[in-house]
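Below is one structure; the comments refer to it alone.
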Amino acid sequence: MKLIIAIIKTFKLDEVQTALNKIGVEGMTVTEVRGFGRQKGHKEVYRGSEYAVKYLPKIKIEVVIDKKNEEKVIKAIKDSANTGEIGDGKIFSVSIDKAIRIRTGEKGTKAI
Amino acid sequence: MKKFVYILGIVILSSYAGMLDLLADNGEAVLDTGDTAWIMTSTALVLFMTLPGLALFYGGLVSSKNVVSALMHVIAIACLMSVLWLFGAYSFAFTDGGDLNKYIGSITEKFLFNNVEWNALSGTIPENVFFIFQLTFAVITPALMVGAYVERIKFSSVLLISGIWLFVVYAPVTHWVWGGGWLADLGVLDFAGGLVVHTTAGVSALVIAILLGNRSEFPNNVQPPHNPALVMVGACMLWVGWFGFNGGSALASGANAGMAMVVTHIAAATASLTWMGIEWFKNGKPGLVGLVTGTIAGLATITPASGFVDPKSAFIIGVAAGAVCYYFSVLIKQTFNIDDSLDVFAVHGVGGMLGTLMVGFLANEAIGGTAPGWEQAKVQIIGIISVAALSLVATVIIVKVVQALVGLRVSGKEAQEGLDITTHGERGYHL
Amino acid sequence: MKKFVYILGIVILSSYAGMLDLLADNGEAVLDTGDTAWIMTSTALVLFMTLPGLALFYGGLVSSKNVVSALMHVIAIACLMSVLWLFGAYSFAFTDGGDLNKYIGSITEKFLFNNVEWNALSGTIPENVFFIFQLTFAVITPALMVGAYVERIKFSSVLLISGIWLFVVYAPVTHWVWGGGWLADLGVLDFAGGLVVHTTAGVSALVIAILLGNRSEFPNNVQPPHNPALVMVGACMLWVGWFGFNGGSALASGANAGMAMVVTHIAAATASLTWMGIEWFKNGKPGLVGLVTGTIAGLATITPASGFVDPKSAFIIGVAAGAVCYYFSVLIKQTFNIDDSLDVFAVHGVGGMLGTLMVGFLANEAIGGTAPGWEQAKVQIIGIISVAALSLVATVIIVKVVQALVGLRVSGKEAQEGLDITTHGERGYHL
Amino acid sequence: MKKFVYILGIVILSSYAGMLDLLADNGEAVLDTGDTAWIMTSTALVLFMTLPGLALFYGGLVSSKNVVSALMHVIAIACLMSVLWLFGAYSFAFTDGGDLNKYIGSITEKFLFNNVEWNALSGTIPENVFFIFQLTFAVITPALMVGAYVERIKFSSVLLISGIWLFVVYAPVTHWVWGGGWLADLGVLDFAGGLVVHTTAGVSALVIAILLGNRSEFPNNVQPPHNPALVMVGACMLWVGWFGFNGGSALASGANAGMAMVVTHIAAATASLTWMGIEWFKNGKPGLVGLVTGTIAGLATITPASGFVDPKSAFIIGVAAGAVCYYFSVLIKQTFNIDDSLDVFAVHGVGGMLGTLMVGFLANEAIGGTAPGWEQAKVQIIGIISVAALSLVATVIIVKVVQALVGLRVSGKEAQEGLDITTHGERGYHL
Amino acid sequence: MKLIIAIIKTFKLDEVQTALNKIGVEGMTVTEVRGFGRQKGHKEVYRGSEYAVKYLPKIKIEVVIDKKNEEKVIKAIKDSANTGEIGDGKIFSVSIDKAIRIRTGEKGTKAI
Amino acid sequence: MKLIIAIIKTFKLDEVQTALNKIGVEGMTVTEVRGFGRQKGHKEVYRGSEYAVKYLPKIKIEVVIDKKNEEKVIKAIKDSANTGEIGDGKIFSVSIDKAIRIRTGEKGTKAI
């Protein structure tokens, strides 16, 4: 199994979720994070003074999937989260050793 | 008989307004329930400016780890000043100081409101109403200074500085201007506190900011206002409350109070739009925090003029307030690199002085009874310089004394963690 | 002699209330400090309704990425309308328009408050107090419309639409109803603005919502109110301020103002419970946002009736307001699929028209001096139709003109990111 | 003739204040616009205490999953009590109860405000103003009790308990003290509701807390106040509104109202500093939530005394309020382990009783017309015991009845998820 | 070493923490996340309109442990977080290559 | 590639970021988390009652890097986040199988 971690633009969440649903991924976990990268933060100006907001709000999606779906999932995220503009984000894939569904105790791919 | 009826007619016709004067002529002051109702209402409005108005205005501007601290500064000052007002400060400002009366009143005369009949009058309102109305001014003035020292000052020195300052700066200046002192004799115009409130607070705030030193994040890593909505709510409460501040300073219900409200409102709205316009032009974006800072600048600037000018002049004052205070807020922080954190000097100090100066030229003789021009302007300038000078010198001394006694700043680590948790043990948000 | 004493007795006994009338008969208006105190207080209360009341009410209902924008709309409108009120709008509404007086006043007559003695009276209060009291109505009315277009409109078109609308819709309708125009001649009953404020704002809001188009998330992906507590705080401030809105519309202190307060309060409480009850019954859960929407519906609906009805009728109006406005809020959004985002038409438009109609049947002759019935109802209906028609037609034209000038909507991407950061460069929360 | 002129002189000179008495002597009450303006203003201030003041005070103290619920409790109670006040409760409290007049009024006499001329007077103000001013007291009293049962009670039982309680506890006690009942005959001193409001609410709150049982997290896992800023804002609104609560209880504009404002303010400020000082000393940190709890303690404690004491006594009452209420807040929760969640009994119950007792010794004869001492103190103690006893017994019965009808507590799971979503279907924050 | 990631119901945090403490796990890191899964979001109704709140608030626990404790820790979480109802959440296990304690520079299992 | 996860004190974020930038790491993702560990929470006292706030606010940094930079990055974080006091936090290193830049589709180390 794989844990796919995607950092995306906040307003892309809906589209990514829909895209994942379409290919059969039903479960995911979402966190609000702050990103530093090539896309630079912005300045806010109050009373003539500039305040640098260095980070950008991003969404982190974590989704655990069967290894065989890895490419499909990555593609779905990539296509739906893409705007072609800097700051679109990243997808990382990590190997998962175990997965357990707390409710039933089911293990492995049955748990996800 | 005819003559009598004639007299009777006059007496009756001159009733209401006239009767009061008539009786006053006879040396008998008479309570007016309408005037009293208005000043009691104004008292509630002015307290509301501080609690929670000003507290929210400042609380929203700091970072979220210092919001409790900013609110705490304002309310603790409000409580302490209220008690001190009873314990001598009122007396110091508003009684006859005998030989020193040009400069100060007697601290003991009405200490604890002693020697005052409970239902004594002051004009057409009870003196106790005058006492509480003036108390709300004494409360907000040191609280204005909070904006200069947030996010790094020790709480104990906030209380000490404010308490001493009330007696050494606020009460004397009040006496000079409104308590029969030398500036009153000179005929200075300060309807509702351009000198007494805004110049004293603004200049002293700048002094404290300099002596205290900048926040460690200043000027490059300061966080943006953590909650613009709070700032706006606070500003709106200040705006509404200012109807009591300026309108109530007529000390009566009537056309003078009404005109003060009109010009206050027009100046506030105009300065808001002016500040917004400047930001829109300069940054491409009209910001909320900027707009409401303009509001406060407009309100501070119209304050000394509010009972003396007409709506057209209020518009001019509003434009000047928005532009000049904006310019100073940039100047102080960016050019002079002084961390007057929430722009107390630029908004209140500059606004108060600007308004005090402008009323010298814009006073409408019909309304305020004073002819505008260089003569009056000179008096106004004397007022500004003397009040600013006292504020500056006295505050330097106060701060140095308090520094020696308890120190001024929290440690760098405490500031980094935020005063909310390190000084007050509470966090602003558990969402 | 006896006769004289008798006359004297009458004169004295009829004092206070009576004396004023007596003097008025003699053509001499007299200022009443109590009346003036109450209208100045009411002015503060009505300004408080807008700033920050209405701003918070709307700010809490939008999503957190548009909270600064919603607040900004309300306060910028408030500032702009205030200045325009001085620059001709007051004059346009409340002076004699000569030949056109049936329809409109003179824009120049009291432009900049010119040609008004600073202490001139209007009834028993100074005209400057009347000016500022009426100003607060002119401020809130276009601000009510904000709820129809939040989360997608351009800021510049907000300012343009509101500014033009003040002269083309608000001032004329005010003149018709309160400024001696044709509806006043007809005897239409509108105590505090069911037509002048709520019908104009509600109908125009609906027009703007339609011409502007729906939010892209509407109707299926709209986010829930981001902060119900803000909504509730705003509603409460509106409620309290409405005492000044309706009570102040008596333009004097006394039983008429007192009764207006009573019926205002009863209608608000009743409509709140009604709306809550409907939701509880339909959804199984009594919600806070619903309850306070009922409050506003009740307040809007009682507004035209507030100086004319008794508490029993207020209860009936409250029940009707809660039920009818609830029904319309569902109808407009779900059946007609119109994104009047924060239900301005359903609450204010429907409420204002409903109340204007109901007072035709429920007016208590002892209180308001008008006999209820079909005769009066017909006049009320004429009022509703004519005011709604003007609002509709004029707003269509205004919106089209502004669209041609600067455009109406921000880009889809800007709306997605939120207006706070894209239009105003500020974020609502840095927690 | 001379004699006549002399009489005329007296009549005119005694005008204003005097004229009213004179006319009252002739059995003709006269409306005073100033008095009326003040009581209408006070009405707005007291409503503001509840909506949104008290709601925010409580809303900030609970955890973020119950903030909607706490706000909802307060506003729904406010609406329901308002309607019930019209539907008999006002009449029950303030009319003549015939044979039972010592204990209760007539529920039908002024039911729906029937049998009252719309412009009837009550003293120098319209009765409708008296009705709405008193309504705001009837609204806040049961709302105070919310603090005892938040985070676990069923919404339906909140409404039922409050509604029944208004008729069984509040209206009777009001009649005893202010409606011409037996405690009034005895000469008990309760200027603005130490007994009527704070003792009734405080004791009943404690009863409800005990019968309802503790929150499952109590005492070890209770979350800290989720938003101290809201708590502080609410407290400030209560403070400002209290000027209307105590000042308005003079039922006229003048020195009595003015002095009530002064002592109210001094007691609040003093109690705030006292509570802050105790916490600073004990915990090493002066907290905001503690300071503003002290504010409310001071305000509750001065309430019964506010029209009878001078500023010096207010200071003493403030110190006592801060210290004693602090002590009780620890005692109830930690020693007695009673989950009176937001300290209603410790702050309002103890404060109200303490103030009622202290005024027996501190009343200033010049101000209030009553000589202080053991004689008066005995009357005060009788008042405290009888009001507390009725509150205790009646509330036990009410709670048991409501428990039988609809149950009291939500399920443990619902409490865990939070009442906002489970009872009201709304979340407090979507940030 | 293993990084155990558990997504649980928010109100279960206390119980899980206690359970972990009992078996000797002293350190953990907790994040507020939003979950999409079989357990569906809810609707909120305001003024007669329905608003779909698609995500559910969940708690993510991250705890790094010695490999030999893996089963024990998983069991402790599973037992304490279980309510038997849909939405109870998941436990994932990932291999960790290195662990360092910032304060002391200690490495490996000594660091956790 | 490696995913470096660091839990640090909140006020150290700026320093850590600067240190990472210096050694050429440009991208990172930051989350506000709550930590339980040896450093204990504090008590808040309201009205004489104590409230235990068991968790401490911490910052989690996630940064994906080329394997060969692992030690350098760990050292940079360790040095910049260190205060020598309890609660300084941890650094964990996890192997990443894949990394994709959403904008361009670039893969592997080019994506980070």
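By letter and in written order, the chains are A, B, C, D, E and F; residue numbering begins at 1 in each of them.
By definition in this document, a residue touches a chain if its C-beta (ideal position, glycine included) is under 8 Å from a C-beta of that chain, and two chains touch if they have at least 3 such contacts.
Just so you know, these numbers come straight off a predicted model, no measurement behind them.
A count of contacting C-beta pairs for D-F and for A-C identifies D-F as the more extensively joined pair. Counting the residue numbers used at the interface between chain E and chain F, under half appear in both copies, so the two copies meet with largely different residues. Rounded to a whole number, the gap between the C-alpha centres of chain B and chain E is 53 angstrom. With each centre defined as the average position of its C-alpha atoms, the distance from chain D to chain E rounds to 47 Å. The residues of chain A that reach two or more other chains are 31, 44-46, 53, 94-95, listed in rising order. In chain C, the residues touching two or more other chains are 8, 15, 32-35, 37-38, 41, 221, 223-225, 253, 283, 285, 287, 289, 425-427, 429, 431. Residue ranges on chain C touching chain A, taken from their complex, read 221, 416-417, 421, 425-427.
Considering their complex, residues 3, 17, 26-31, 62, 64, 94-103, 105, 111-112 of chain F touch chain A.
Those residues of chain E lying in contact with chain A across their complex are 2, 5-8, 31-38, 54-55, 58, 60, 70, 74, 77-78, 81-95. On the side of chain E, the complex with chain D involves touching residues 11, 14, 42, 44-46, 53. Those residues of chain B lying in contact with chain D across their complex are 4, 8, 11, 15, 19, 23, 26, 28, 30-38, 40-41, 43-44, 47-48, 51-52, 55-56, 59, 67-68, 71-72, 75-76, 78-80, 82-83, 86, 112-113, 118-120, 125-126, 128-129, 131-132, 135, 155, 230, 253, 423-431.
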